[in-house]
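Sharing a structure with you now.
As written, the chains take the letters A, B, C and D, and residue 1 is the first residue of each chain.
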Amino acid sequence: MSASHQWNTLQQSRMRRLERAAALAQGKRVEAERIVALLEAIIEPGDRVCIEGNNQKQADFLARAMVQTDPARVRELHLVQSVLSLPEHVDIIERGQVSRIDFSFSGPQSGRLARLVESGRITIGAIHTYLELFGRYFVDLTPHVALVAAQKADRQGNLYTGPNTEDTPAIVEATAFKGGIVIAQVNEIVDTLPRVDIPADWVDFTVPAPTPHYVEPLFTRDPALITETQVLTAMIAIKGLYAEYGITRLNHGIGFDTAAIELLLPTYATELGLRGKICTHWALNPHPTLIPAIEAGFVQSVHSFGSEVGMEKYVAARPDIFFIGADGSMRSNRAFSQAAGHYACDLFIGSTLQIDLHGNSSTATRGRIAGFGGAPNMGADARGRRHASPAWLKAGREGRGDIPMPRGQKLVAQVVETFREHMEPAFVERLDAWDLAESAGMDLPPVMIYSEDLTHIITEEGIAHLVRCRSPEEREQAIRGVAGYTPVGMGRDKRAVENLRDRGIVQRPEDLGIDPRQATRDLLAARNVKDLVHASGGLYDPPKKFRNW
Amino acid sequence: MSDATLFDALFGAGRHEVVIDGHFVCGPARLDDTPVAVIGTWDTAAVDGNLALAIAGEVLRVVEADAGGTPRPIVFIADTQGQALSRREELLGLNGCFAHVARCVDLARRSGHATLTLIHGEAVSGGFLAFGMLADRVVALPDAQVRVMDLRAMSRVTKIELERLQTLAKASPVFAPGADNYWRMGAVSTLWESTGGDWPAMLTAELAAARQVAGQDVRARTGAERGGRGLADIVAREVAGA
Amino acid sequence: MERFEITLPARAAGAARQTALAGVVSSGNLEVLVEAGQDPATCAIEVNTSAHGFREIWEAVLADFAERYPAGGLRIAINDAGATPAVVSLRLSQAFEDSTGEDS
Amino acid sequence: MNSRRISYFEASARARVAALADAGSFREYCPPAERRTSPHLARLDAPVAFDDGVVVGSATVDGRPVLIAAQEGRFNGGAVGEVHGAKIRGLLERAAREKPAAVLLLVDSGGVRLHEANAGLIAISEIMRALMAAQAAGVPVFAFVGGSCGAFGGMGIVTRLCDEVIMSEEGRLGLSGPEVIETVKGVGEFDSRDRALVWRVTGGKLRRALGEATRLVDDDARDFRAAAIAALSNHRRAPADLADLKAAQAALARRRSAHPETRDGLEVWRALGLPQPEAVPMLSSDAFNRQLHELSAEA
């Protein structure tokens, strides 16, 4: 019986595709003007396709080529990629060439995507976290065709992805070893690469793109835009959370709130005597706002998901801190850094748009399907963790109470202002995520961080140590207690909140010895991008839009 | 009014040698027996550095020529769409060229030249500010337009609805275009409403009036008297302590 | 703009107060002017705000201020361009402190 | 904490006055308690400020009596309306009479306030006349430019009428803002989002190199104060008589022909012979001033 079974259909399919493409390439090299024909030759109806879209690096030339393919030939695709950020990613759906998508984050395209879902023109499989999607690449969502971006290729087809390696290794490894085809757009083809990030025998075609791939400076926060309120919340975070738990290993979100924390390390945290005691090891992209803390000797190690535009020279000049190859440039890797953030960090701290009375938080709002990228992996207790650290153990003692088996817990904090712009309250009785799930026909409301994982909320009103609450009722009052003048905050039981204050579960700035009037921008180690450049010794080269000199 | 006829109407045919050179206009003229210098912009000029320097240079020539003699009245012609919009002009400091023009006009005033501006066509923001508004007296000729920005653009920038601005403009002269608004606020001394009058006689009278106020800035007071600017004079005097 | 006045009971401010101004009228910010008022047992507050419909929140923020500081006998005037309660509270305490004439 | 830099760029108008003046010496005219707010903003339902966005008063600087006006760039972009303009004009008229050691104009303004555009335009013209009258009365006027709005529109002209123009690199000085030029003439003429270009065309270093700014300081209010003190003892005089103005005319014409095609400050650095034109933006003001000084010594 088994003799009649075909065990190599994937390989045969791959050979057929390569044969169809052979005339369009010279070996592995494809010229830019033949790329559309090549895609039409290779892609078959119903294929799972990844058009590499990362947080920063984009296979933009290949995305544009996809939009030029014949919809009669390239159709019924199933897109499997972490980020849908280019207009072309959605254009190809609008052209009717895609029937299903599985992704993690859609940022700027979230509004258009929501409309396409509502009109029934596309089905969403799921909005994953990064690790979850990468996991499924190796289980049931392996791409048939991967369209990736690299900085350089050599003549054999080896790739150099440089500082912005991001998702490329995960995508290529899954595709290349399961009978798929890998096509890489490169900025240039050279004789010798600085280093090999992806070996040539995993790559089928390289095409020199007419323009370098686009990289978005997503992690640059201009210190000039940090408000006094954000300085205050940063002071509360440093004193009420970082110092309290002795947090050394951590990940930060990309908001201004956490940028403020980074910029207070060399000033406020140093004055508190915390250098060497907190914030030494990071899973973090090279945030420009981390430069002063690095220069002040606060930071010992940073592993990165991706890179950041303008930080290349600075990062390369700090090999003790960043992960630098033998060639002298950084290597990032989203999959590894996500795993590091999940298992090896004691704290995740980020921001959100809405928090409910239980402590569930979400950035999803009506009319936008954005997804959460990495935050849910960072912002979740790692049940598989088996190594201890003082911060993890302390949180575990507080959170799990008196259970016979000692276990730690990850610290997961959200820092928000009680009101966002236009006086939108950050605290709500019910998340918009419920309505969104209903209108988009999703099985689950898109929650970024679940209540059970959230240990702390920090607002300008103070810090709520949710991990120390003994009942759902206490938890609710602790949340109301830092919700200020929002309807949720005004609905608090004043006596219950005062009781929580007495027990150190809710701490106001004055309880921490912080005078809000001392929370001025003068505390920031850098007050503008130029200060960051100076702090870097001129090594940081900020994008034009961040210059004001 | 067309090129040739404006100066004929102002001074009488054959009584002036005003030359129009692109956007620059200048030349000698006479009112009765009084020689007058005409200097200004033409054909809704976008005032750039070259034009500003041409005006300043001509003012300096007039001042130098009359030094030690009888200072001639200077009649400025303002017809400008505003300052030239260009990166090069900004880099070279167009604002500095305008300041220089202003200083030259001030020198003329301090040297005893009566100064009068005739708005012919348009007078818009920066182009008008540099010289036209610095004269001791300003006359708006028929159909003259004076403005900073039209209401449509203002609505865009201030995010106030156009209809609302149009309604409010009827009650207040402070933001809407119009020579009459500038008259009410004291920045236009006189509105010449018809082309039919005896312009040489009217011009002579205006120059006499300009001599009367030379060196004083009476615009805020005039604006208050005309009900167009209630606070400028009061506040300035309070701060001046006078 | 929305305008309203609130008079709140408050502990007397004590020593003579000097006029003080904190903040700037710009988007998301406000200015708070503190002057000597009439009645030592109350604090009279006049609010001009560009954000409509938040009177309830203003009243709560101002009541907390009057409870926290000896603001009796003071007259306070506010020009607001959409500040959040956090910024309002901060400016109130800054202006109050400046009105004592001591360097904070 | 006194050793810490006080960012002039970030400081409010009142904080700038406090940093420039001798401690405790400032006396305000038309103070906020008088509530001289703009009736025109109120009529358009826009927020008003008790000082209408400008602080005016008297003070001493290093013991010398001065009059000071400081525009608040964060209130409506420091724009000049009827009351705002009248306060500055009144201060200059007071100067002509009282003859202080100098008038300090802390300019931070995009020009005319559109909500009361006509009143603002006229007010700027009145300021120009009052400023020149104060100078004619023997009172020097110094402009300080280092705020987020720079000195543009009519206030850009007013600034260039001053005897001294003291700028930081962050300060910008011009007539039409880059956004306006981009809107009317297109992004090819001026890309307002190319911030580095904006500063190379309008920023303090370019203005210093062209001689329009008389002193360039770092973004520290204490440096601005030091420059004010230096200017009080020895300052440039704005051209006033016929000979001065003829020379100024010739210099302006020379500048236009010396930089015939220039559209970028980088070309000015090159033409001036600065050793590393590309590195100019990152030079401290001291280092830049030194390079300029060395060039002028060579010339």
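Convention: contacts are C-beta pairs under 8 Å (C-beta built on N, C-alpha and C of every residue); 3 or more make two chains touch, one makes a residue touch a chain.
Quantities reported herein were computed from a predicted structural model and do not represent experimental measurements.
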| item | value |
| --- | --- |
| Most central chain, judged by mean C-alpha position against the global CA mean | D |
| Rounded Å distance between chain A and chain C, as computed from the means of their C-alpha atoms | 42 |
| Euclidean distance of C-alpha centroids - chain A vs chain B, Å | 60 |
| Centre-to-centre distance between chain D and chain A (centres being mean Cα positions), rounded to whole Å | 44 |
| Approximate Å spacing (C-alpha centroids) for the pair chain C, chain D | 33 |
| Residues of chain D touching at least two other chains | 45-46 |
| Interchain contacts (touch definition) - all pairs | A-C, A-D, B-D, C-D |
| In the complex, chain A residues that touch chain D | 224, 521-522, 527-528, 533-534, 538, 544-549 |
| In the complex, chain D residues that touch chain B | 29-30, 36, 39-40, 43-46, 56, 82-83, 85-87, 89-91, 93-94, 97-98, 112, 114-126, 128-130, 132-133, 136, 151-154, 156-161, 173-176, 178, 180-181, 184-185, 189-190, 201-202, 206-207, 210, 212, 238-242, 245-246, 248-249, 252-253, 255-256, 259, 261-265, 268 |
| Chain C residues touching chain A - in the complex, by the definition given at the top | 28, 51, 54, 57, 60-61, 82, 84-87, 89-90, 93-94, 97, 104 |
| Complex contacts: residues of chain A adjacent to chain C | 228-229, 232, 417-419, 421-423, 460-461, 484-485, 490, 516-517, 519 |
| Contact footprint of chain D on chain B as seen in their complex | 49-50, 53, 56-57, 60, 63-64, 67, 83, 85-100, 102-104, 106-107, 110-111, 125-126, 128-130, 133-134, 146-149, 154, 157-158, 160, 164, 168, 172-176, 181-182, 185-187, 215, 217, 219-220, 223, 229-242 |
